[in-house]
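In what follows, a single structure is set out as structure tokens and then discussed.
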Amino acid sequence: MERVQAVKGHQGSLEVEIAGITLQNPVMPAAGTFGFGEELAPFIDLNRLGAIVVKTLTLHPTPGNPPPRISETYSGLLNSIGLQNPGVEKFVQVKLPYLRQLKPPLIVNIAGRTISEYAELASRLSGEAGIKALEVNISCPNVKEGGIIFGTVPEMAAQVTAAVKKQTSLPVIVKLTPNVTDITEVAKAVVDAGADALALINTLRGMAIDLETRRPALGNIIGGLSGPAIKPVALYAVWRVARAVKVPIIGMGGIMTAHDVIEFMLAGATAVAVGTASLVNPRALIEIIEGLEDYVAAQGIDDVRELIGAVQI
Amino acid sequence: MERVQAVKGHQGSLEVEIAGITLQNPVMPAAGTFGFGEELAPFIDLNRLGAIVVKTLTLHPTPGNPPPRISETYSGLLNSIGLQNPGVEKFVQVKLPYLRQLKPPLIVNIAGRTISEYAELASRLSGEAGIKALEVNISCPNVKEGGIIFGTVPEMAAQVTAAVKKQTSLPVIVKLTPNVTDITEVAKAVVDAGADALALINTLRGMAIDLETRRPALGNIIGGLSGPAIKPVALYAVWRVARAVKVPIIGMGGIMTAHDVIEFMLAGATAVAVGTASLVNPRALIEIIEGLEDYVAAQGIDDVRELIGAVQI
Amino acid sequence: MKLLTEILEAVVLASSQIRPDIYLLSLEAPTISRDARPGQFVHIRCSHTYDPLLRRPLSIHDIGSKGELVLLFQAKGRGTAWLAGQQAGNRINVLGPVGQGFSIVANKKVAIVAGGLGVVPLLFLARKLLESDNEVNFFLGAQDCDKLLRLEALRRMEVNLFLATDDGSAGFKGTVTDLWKKHLRPGAFDWAYACGPQAEMAEFARLAERVALPAEVSLEERMACGIGLCRGCVTAVCDASGHKKYENVCSCGPVFNAAAVCWED
Amino acid sequence: MKLLTEILEAVVLASSQIRPDIYLLSLEAPTISRDARPGQFVHIRCSHTYDPLLRRPLSIHDIGSKGELVLLFQAKGRGTAWLAGQQAGNRINVLGPVGQGFSIVANKKVAIVAGGLGVVPLLFLARKLLESDNEVNFFLGAQDCDKLLRLEALRRMEVNLFLATDDGSAGFKGTVTDLWKKHLRPGAFDWAYACGPQAEMAEFARLAERVALPAEVSLEERMACGIGLCRGCVTAVCDASGHKKYENVCSCGPVFNAAAVCWED
């Protein structure tokens, strides 16, 4: 339904740039919905993605939250995974070799329980070949220590950013939470502290109750809401932040189709990430990229960057 | 699908109490989705509702925002009505006589551009017979002055509440916005300032872009998101606030069925409001009340108040 | 009118695709068929879940000879695509009839100006105006001759039919308002009605005003409730003194006095 | 296994309601039928819009004689209600086969313990175990005789069938694990498989461990992706040293070594 007839012959450029890194197209996976890449390889050609973004890494292996971790909501998904991951060392040994040989730039997402853990993660990963940028997750609603706490107080967000910047020469993308009164305050604070790009939004805090048991539907009680349900909130956040800061923005939140991508770019995103859509349809990333190719062709757009922030007010 | 078979003979009480007012059942309309009552009268018996809540009133007639004011999102609705209403005087003259003769307690929702406007509205309405409570809207995302600004800063929210309380002996319900970092801070501030009950949540800030025109889908650029999409966010807010304050809570946000009502009550709501559901199905309020009757009957619940805050953690 | 509005599970009697993107749908909805007046619409749930969430407004296109409710619609987006997939025997949740219809005059010379899908409410209007002994002059326009909708049905009615196409593939070459303008002398008509693209209706209103012809238009606006609860569907109208205010298209319209509409918005 | 997983628009060949809330659905899904192993599941979109949003996991119940993929499911909530409404000729988006299936042993005496809907993956398992020349003892339990599913199909297979019902309306009166326990002497079986309610599987695991019988169970957990992307579907498993960790039910399971599962959770 969403696919536009391609105009024969016309081929607009889909290339964009984020923090000095060139992406062949603006579409990448959202952290935590892509495993470590291999799981999707049977379904799509990972080399066609704009970038590769892997599940949040912590310094030590993290077991994650007790199940149930998933609860479906109307056009949305509540999750409380709790950053389950093998830890940075095992990642470097077991996962990185595979990821390194993929063509798209690799962005590694990190989260610490303390500012010094963020710094340590940054320094540990900076030395590794094949990593093109770090995405700093200060917005996970599902862990007790760290996570979202750093993302809601502008000063703390700035401190995390500065600490990471100090340890790495890699571009630093800071991932913001929408669960704040004014997201532009946090955005400005992290940009002032050196963030090279911003990623937004992470999930909205949410909850569901199972009527049969009268217990929370999630083992962790609360979770993060993602998927089409949150798209309007995400688009608003991107639009607000794009007008408040000068660094490029990776927009995300409920993107399911190429049309959604275009809305995010018009609102001010330079690139986008696709999360929940991949969980529903493992081919979503590629179908979205193809949809984007069709769209720029049909509209006679020479350079997709024309769309960035081009909403008419 | 949602209707549970009623157990013959058993009839649990649905009565609840909010700020000294007895409601025959916990279900009322959400402000702004019920007109001034008359519009729904052809479809449902208004006397069966737990309470009557009318569109926000302002001191002077408010023309509202330019169209388009509505944009459908996935399982959600963006609106930017902008508090269009005839003003308090016309309300008293033209609408109140009709509302006064209805049996359920009448709750009048008010919004000012300044604290003194809130106070003036409260004093003007307190003298009128037939009004049982005031709902103070400090959470409308769609107006430039007042509205949400008062709802995001705890001190200002408290000031509005105190100013209203001073002018009226009616119970005061304060309606909160979810667009804050910590809703419990605002909740505590308004309760300390004298709020007798809380209503939450108002809409989430959101935005959509029309791809054909590349303009915002709403004339006001941004709007408020309501409907099933936001239910998990609303439920989380109710649960948080219920554990933070002692006053009763009117929960709302995405309630479509009796099952949703039960989730909100388990999370801590004493009563609930139904908004978007009435726009989709004019009979929703009554169907939800009937669903609730069936549920308490089927579960053998003697008193619906057993459910309030009864989620098992 | 409101007391007549019902919510019902209408049975689909027949559905046919009359153009690649245009569908004709007959429903069994006796109370609606009985009470419907031209210009009113029905408001339809296009899902059994919450996505799509809102009802879709569709004008009442006709009441068939067996009392069936006939709708004519374009499959545009997610809601109408769902509707296009419904087959005979399925049940559809319909709210209606809603809104204020056209004024039904009697024994007059009337002009009906239909641009594109604007024909939808105007066919039913023509039928009713004929029943009240009016002389009905029906101006039908579209981009090209393939897009002239319900031509056969109109030809079977006792109307004077005038055709216009943008490309001249049938009838007059130009817009339907341009065609109408050629027939518009003072006194040529006693009453005029239009539905179609915004720009053509604005032009229609301007032309009618110039010759002081009473004129009504049917407007479109995005809707949520369709029954006046939410104030989501407003259009700007001006009272006699030029004072502008927002009125609900669903409950004060969709038919408005053409002179009252603020066309510049 | 992963490379064999496909996403396809499967055509519904037949759908029948075999109990008030239970449906048997045949799909044309040749690649899935070809590659499927007992215990694997398919992951199905139950909407053409975003509500319901997630796929629903259903075990592979059988591969029919013409290669059709057969599913057996209970209409529980919104997703399965949609699926129950699909008719022959409709297309359904299916991802599969997914997950790790049961171990297919050969020339052994095996016990299969099915509680309620647990029969779903176990019928296909029995068929495959028979093909590998095992002696198959099939213990089937349910609340009452009306809820014993696929009894006729199982009777047509070369299995030793043992029945249990909670109310004694057919076979042994009690749970299927209680019935199995009565047959469970050391050496009675070489291998055991189970699927059913959590409590019965826990009991099954305990009993099997007591006689050191290799035992496998198929677990259920809420799922999003179904292919290991999200870590949403974990269950706690213990390694030999009792060390607990969370493993994906979708990609490491749904079949697990019964001894490894942390049943107390």
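In this document, chain identifiers A, B, C and D correspond to the written order of the chains, with residue numbering beginning at 1 in each.
Going forward, contacts are C-beta pairs under 8 Å (C-beta built on N, C-alpha and C of every residue); 3 or more make two chains touch, one makes a residue touch a chain.
Given the structure is predicted, the values throughout are model-derived calculations rather than measurements.
Undergrad: Would you mind checking which chain's C-alpha centre is most distant from the centre of chain A?
TA: Chain C.
Undergrad: How many angstrom lie between the centres of chain A and chain D, each centre taken as the mean Cα position?
TA: 36
Undergrad: Using mean CA coordinates as chain centres, what's the chain C-chain D distance in Å?
TA: Going by mean C-alpha positions, chain C sits 55 Å from chain D.
Undergrad: Which integer distance in Å separates the CA centroid of chain B from that of chain D?
TA: 46
Undergrad: Residue numbers in chain D touching 2 or more other chains?
TA: 49-52, 78
Undergrad: Quick check on chain B: which residues sit in contact with 2+ other chains?
TA: 73-76, 227-228, in rising order.
Undergrad: Make each chain a node and each touching pair an edge, then name the shape: line, ring, star, complete, other.
TA: Its topology is that of a complete graph.
Undergrad: Give every residue of chain B touching chain A within the complex, in rising order.
TA: Listed in rising order, the residues of chain B that touch chain A are 73-76, 78, 152, 179-182, 204-209, 211, 213-216, 221-223, 225, 227-233, 235-236, 239, 254, 259, 262-263, 266-267, 310-313.
Undergrad: Which residues of chain D touch chain B in their complex?
TA: Touching chain B from chain D are residues 49-51, 78, 81.
Undergrad: Can you list the residues on chain B that touch chain C in the complex?
TA: Chain B residues touching chain C: 32-35, 39-40, 42-43, 55, 63-64, 66-77, 79, 81, 84, 227-228, 256, 276, 278-283.
Undergrad: Give the list of chain B residues in touch with chain D in this complex.
TA: 1, 74-75, 228
Undergrad: Touching residues of chain C toward chain B in the complex: what are they?
TA: 2-3, 5, 7, 45, 50-55, 95, 221-225, 227-236, 245-246, 251, 265
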